[in-house]
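Following are the structures in question.
Two complexes follow with chain A in common, the first pairing it with chain B and the second with chain C.
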Partner chain A sequence: MRIAKKSAFVFALPGILIYFVFMVVPILLCFYYSFTNWDGISDHYRFNGIKNFTELASDDTFLDALKYTAIFTLITALIYNVFGILIAVILDKKSKVHNFAKSTVFLPVVLSSVVVSFIWSYMTQMDGGIINLVVNAFGLPSIHFYGSKMAILYTVSVAVTWAGLGYFTMVYMAALKTIPEELYEASTIDGAGKTSKFFRITLPLLAPGITINTVLSIVWGFKQYDHMKIMTPGTVQSITMNSIERAFNYNMFSYASAIILVLFVIVIVISVIQLGIMKRFEVSEG
Partner chain B sequence: MMRMRSLVLVLCLLVSMLVAGCGTSNKSEGVQSNEVGNQEPSSNEIGSKDPIKLKFGVNVTPILTKEFWQESVAKFTKEHPNVTVELVTSPSSNVDWTTHLKTLLATGDMPDVMVMMSPGDFVPSGALAELTDADVDYLSDLNSGKMGGKRYVAIYKKQLAGIFYNKKIFADNGLSEPKTLQELIDISENLKSKGITPMSIGAKDGWPTFVLASSLVTSMVSAKNPNFGADRNAGKFTYSDPEIVKAMENFKLFSIQYAGNDVGSTSYTQILEKFFKGKTAMMPMGSWAQGEVERLKPDFEVGFFPVPNETDANVIPVFTNEGLAISSRTKYPDESMALIRSFFTDKEWYGKFLKTEMLFPTTKEDVPYEMSALRKEIGEKINNWKQVEIFTDATGDNALLPGIQGAWYKADASISMGTNVKNELAALDKEWDRANAALEK
Partner chain C sequence: MKQKRMMAGFTEKTVLLAASLLFIFPLYIAIVNSFKTYDQIVKNPLSLPLSITFDNFRMAWERSKIGELYLNSIFITVCSLILILVTASMLAYIIARNKTRMVSYMYVFVLAGFMVPAPAVLIPSLKTLKFLHLDGSMTGLFLFYAGTYMSIAVFFYVEFIKTIPQSIEESGVIDGAGTFTIFFKLVLPLLKPCTATVFTFLSIWIWNDFLPPMYILGSDHGRTITTGIYNAVGRETTDWNIVFSCSVLASLPIVAVYLLAQKQFISGLTAGAVKG
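Right, the complex of A and B next:
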């Protein structure tokens, strides 16, 4: 038994080593640099305490990025979860049509973020974009998808959720399979309608799926980089974009590390609070 | 068992930190000098039989392909059989060359010779070697681009910023090249009233808006002060200066009033397409767009004029911000210098390079190459114009602080979509303060 445990540990060693090299050490280094003034290029740097963090509080571009990222996260998390549940409930049937619909909903998930960004960039063009061509065909004026910062944010949010909705829907569909059929049968005997069944049986028992999906959608929202980088001219930034810009354009590597550390703390805090609330909800329903 | 696990975990941590820390191990080495002449003397003199391998970092573009650079170094290695040259490029077109160079520097893999676009980012850390006047005696202007009195880049091209125009639309509407800013506004108004979109401007990709914005600021403000960038960097004025505000208000006017209603969703490709397909009458752009005339073959003649200021149209903003540089850590300074010299003095190679974007040479000797009609026309006019470095791409002591060019591009894109000019310029001043504070650390 003791030998088996030892050999298991030896077999796990390469994985542990890779995890340390590519996950733990970079995070520790990020933490370390965030308390220095390193520019990412020079040979010399010194510790400057929490100065990077105090400067963040008065950095308008960081605060803007924080605001836009929070709005983006809220919009995408809402779309993912509200539409994810609705589509999962609608598609939770066995037929060829439903199977085809499931594949269609999931298809964008396999596309890379770059492809998705370009597809939506072309679709949302003012001149020649397919959406405005359709809108114009009905005699309506073209939509300014990139006319203002908020418009840009909404456009990117829709593109991102279009690409990721299939994943969240699949999680909800898997969660739906865990709800015992007997509950629906008993409620039918008790005279419950479709709406009543949805709010009193389906939604409460979907709680584990909701927990996973809300945490994931919020984490993904705060990590947003690629779609926003490709689809916008940089006038609307996410926190990660802001960090990359500080590190590589301004040569403020340590400051960028501080931004990432703040993002890390935000995501951890929100996730822990969220998990706490959702778990309590799950327990009470159980 | 627990003790053994802990021991293995600690070992893992130590080994992984050692491996992950490899990239930064150069930090302890320190930079000794950034002058090639001060390097340890190389035992491998150029022409010697000892095999030498040079790393040449190049910026690959759709026009300057890796094959182009490969072909050019092949000539050099043929003349110097003991030297092999390895090309170093960005891993992906999504990673811009300057960013990749910074990564190479941080990991101790800086090439011996490299294409350099932003020496201001590298000189403070001592990464670049100084090039003396004797080293680059083939260049026509030995004074431009110096930082603190020293040169670090052999500038290999000159480009212009101005306005391309559709000669047919101008002729059909009885218009001629504007001589003042007011004339340009009148031309735009005239065209707009006839249902023709005057200008092709787009902010979708961010940077293209800077051509008109920076040209206006250069023509109206920075042309009056040869130390514009240096004075800003010394804090002698701010970007909220009324003259700059006025120039940027004019930029906003052209973007909002005379560029159609889809500036925000128009990409660089669409800017070109709109102009070269005759949908707009003018296109503010760099002279690199001349290459598109050959590619897109418009069914009208294309002209070019400088962005006018309030009194004349004689200031032409120029880009002289790109060239070749040598790493201060190279083991082969003489060979690196020879490679650069070969680039400029081999007229066939240099001429081929200039032809790619119909560029202007920076050498004392003229370098003839097959030019387009538009390039010839601009070449004839350029001597009548006052050439001024475009302020957002200024070099040497006038160069912007790291990050500020990108901040200007973002401000230009925002203003082109209607944001408040004074607010954007005030935000730029804050960004300047932050970049300056970071530099002083």
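Right, the complex of A and C next:
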């Protein structure tokens, strides 16, 4: 049933208008500003060509942010997907204990990044932090959670993935439900063990779920701001933190736009490559 | 043989239970310590509170004006949700029913918003909002949310509407009802499960959001619950009793929403996963 053109237009207009004004226009502006020298305040600014981008290429704070954000994304994406799949496979049963475990994995998802960061800041204090109290009780030396940049990345990754793991697990659990039971039954008759069932049946058939989850975890990783900002005093910057700092502490608005544009391009390129690669592995639907 | 399997199941369950408890251990720490005095936290961080004190909550409520923060966050969340649910469902109805080339381009255009990281919209949004004289206002903030979450809401609605048979709408046409009547009287009630899913997801994301309210509202125009407690606590503070009571207060309403709508939330994730 087609809806008449006139009413279709009236129905689509408000949504499209909001999307256009508050999503598309800002992105176009971001593009535009990144080729200017605007400070974000003054009335005058001029076209700057690719100067912002050539400066970025030799800006150490930006390159550091890029490097650490990439490492952070890699760590979190690995944790999300490896643990997400394992937990989903383990919890793919019905019992009271299994249901309880599902709820616990999922509960932190509803917490704000601020609350998550507060809790983990407390847990990971050098002195008096819960984790070090436990570690010391076993006679082991305290862990320096914020001792180096890599240590900070690991610490923040644990907090972030603790909170987000529920999403990924749930998507994998839903994907597991789409695998036909007959495949497992047939392989049992053929004498396949648990491990070979996992690698030959479960993993290949989870490919669509893996695709969404890897793309999602990479996008989330690259746009990281909240936890890193709240848990550390700024020793390690993410790309977003770097850009916000440039825009508001240094009044380098166009430069900040250029940083955001780089982030944007990275996310899109990785997602497209990822989708392309994973499509080849996905089992085509019959 | 049977006994052996039962034993294995028992061990598995015990290990699973222990692992689950370890996983929510940080939540236990936050909750029990929000009822202790500072000294008790330092002395006995792991124990249950010996004497329950509500002083932390009273102090947190007064110091960070939690009541005001609640009202701001509720206002912003509710306004964004109403705006998104109404406009996205209407737009999705057209996309799902009118299968012209123009409409499918429009769908791709709207879905492209998925790929955009929120901070990419935030910085230039401050300028568009200023141009519209909406900078530093809650109206500006909820319009920002309506724009950034339009893609996902439209996606959920389109995929859901596609599964609804058109016979009901056709009977409406025969009865001489207009598109508005058909949509709001006949279609919208059928979209309830989808609306519940979108509602749950977005209310959690908007309530918990941190970076956009910080810069769109700024410090002079009211704060949301997240930026409010962040500011009250400050970065250097180690008043853990206040930190935990603020955290508990900030999480209570959204945990309640989640517990009420747990089913919709999970079915939403499932829909997303199956679609691929």
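By definition in this document, the second predicted complex is superposed on the first by the 277 of 286 C-alpha atoms of A that agree within 3 Å, B and C clash if a C-alpha of one lies under 4 Å from a C-alpha of the other, contacts with A are read in each partner's own complex, and residues count from 1 in each chain.
Please note the rule applied: a residue touches a chain if its C-beta (ideal position, glycine included) is under 8 Å from a C-beta of that chain, and two chains touch if they have at least 3 such contacts.
This structure is a prediction, so every number in the text was calculated from the model and none was measured.
S.K.: Looking at the overlay, does A:Ile268 come into contact with chain B only (first), chain C only (second), both, or neither?
M.R.: It touches chain C, and chain B stays clear.
S.K.: A:Gly221 contacts which: chain B (first), chain C (second), both, neither?
M.R.: In the superposed model, A:Gly221 contacts neither chain B nor chain C.
S.K.: After lining up the shared chain so the two structures overlap, which partner does A:Leu133 touch, if you call chain B first and chain C second: first, second, both or neither?
M.R.: Second partner only, chain C.
S.K.: First (chain B), second (chain C), both or neither: which does A:Leu29 touch?
M.R.: both
S.K.: A:Phe248 contacts which: chain B (first), chain C (second), both, neither?
M.R.: both
S.K.: Would you check which partner chain A:Leu107 touches, where first means chain B only, second means chain C only, and both and neither mean what they say?
M.R.: After superposition on chain A, A:Leu107 lies in contact with chain C alone.
S.K.: Spot which of chain B and chain C makes contact with more residues of chain A, would you?
M.R.: The partner making contact with more of chain A's residues is C.
S.K.: Once chain A of both complexes is superposed, is A:Gly84 in touch with chain B (first), chain C (second), both, or neither?
M.R.: After superposing on A, A:Gly84 lies clear of both chain B and chain C.
S.K.: Contacts for A:Ala175 in the overlay, against chain B (first) and chain C (second): which applies, first, second, both or neither?
M.R.: Touch partner of A:Ala175: chain C, not chain B.
S.K.: What is the contact status of A:Val21 with respect to chain B (first) and chain C (second): first, second, both, or neither?
M.R.: both
S.K.: Would you tell me the residues on chain A in contact with chain B in one complex that are also in contact with chain C in the other?
M.R.: Common interface on chain A, chain B vs chain C: 2, 16, 21-22, 25-26, 29, 40, 233, 248.
S.K.: Tell me, which parts of chain C touch chain A in their complex?
M.R.: Against chain A, chain C makes touches at 13, 16-17, 19-21, 23-24, 26-27, 29-30, 42, 45-46, 83, 86-88, 90-95, 97-98, 106, 110, 113, 115-121, 123-125, 127-128, 143-144, 146-148, 150-151, 154, 166, 169-170, 173, 178-180, 183, 204, 207-208, 210-211, 215, 225-227, 229-230, 233, 235, 240, 243-244, 246-247, 250-251, 254-255, 257-258, 266, 269-270, 272-274, 276.
S.K.: Of all residues in chain B, which touch chain A in the complex?
M.R.: 1, 4-5, 8-9, 12-13, 15-17, 19-21, 26-31, 99, 102, 105-106, 121-122, 124-125, 127, 203-206, 260-262, 264-267, 270, 402-403, 405-406, 409-410, 413-414, 417-418, 427, 430-431, 434-435, 438, 441
S.K.: What does chain A use to touch chain B in their complex?
M.R.: For chain A paired with chain B, touching residues are 2, 5-6, 9, 13, 16-17, 20-22, 24-26, 28-29, 37, 39-44, 48, 55, 59-61, 121, 124-127, 129, 142, 144-149, 151-152, 233-235, 245-246, 248-252, 255.
S.K.: Quick check on the complex: what are the chain A residues that touch chain C?
M.R.: Spelled out, the residues of chain A in touch with chain C are 1-4, 7-8, 11-12, 14-16, 18-19, 21-23, 25-27, 29-30, 33, 40, 90, 95, 97-98, 100-101, 104-115, 118-120, 122-123, 128, 130, 133, 162, 167, 170-172, 174-175, 177-178, 208-209, 211-212, 219, 222-223, 225-226, 230, 233, 240, 243-244, 247-248, 253, 256-257, 260-261, 263-264, 267-268, 271.
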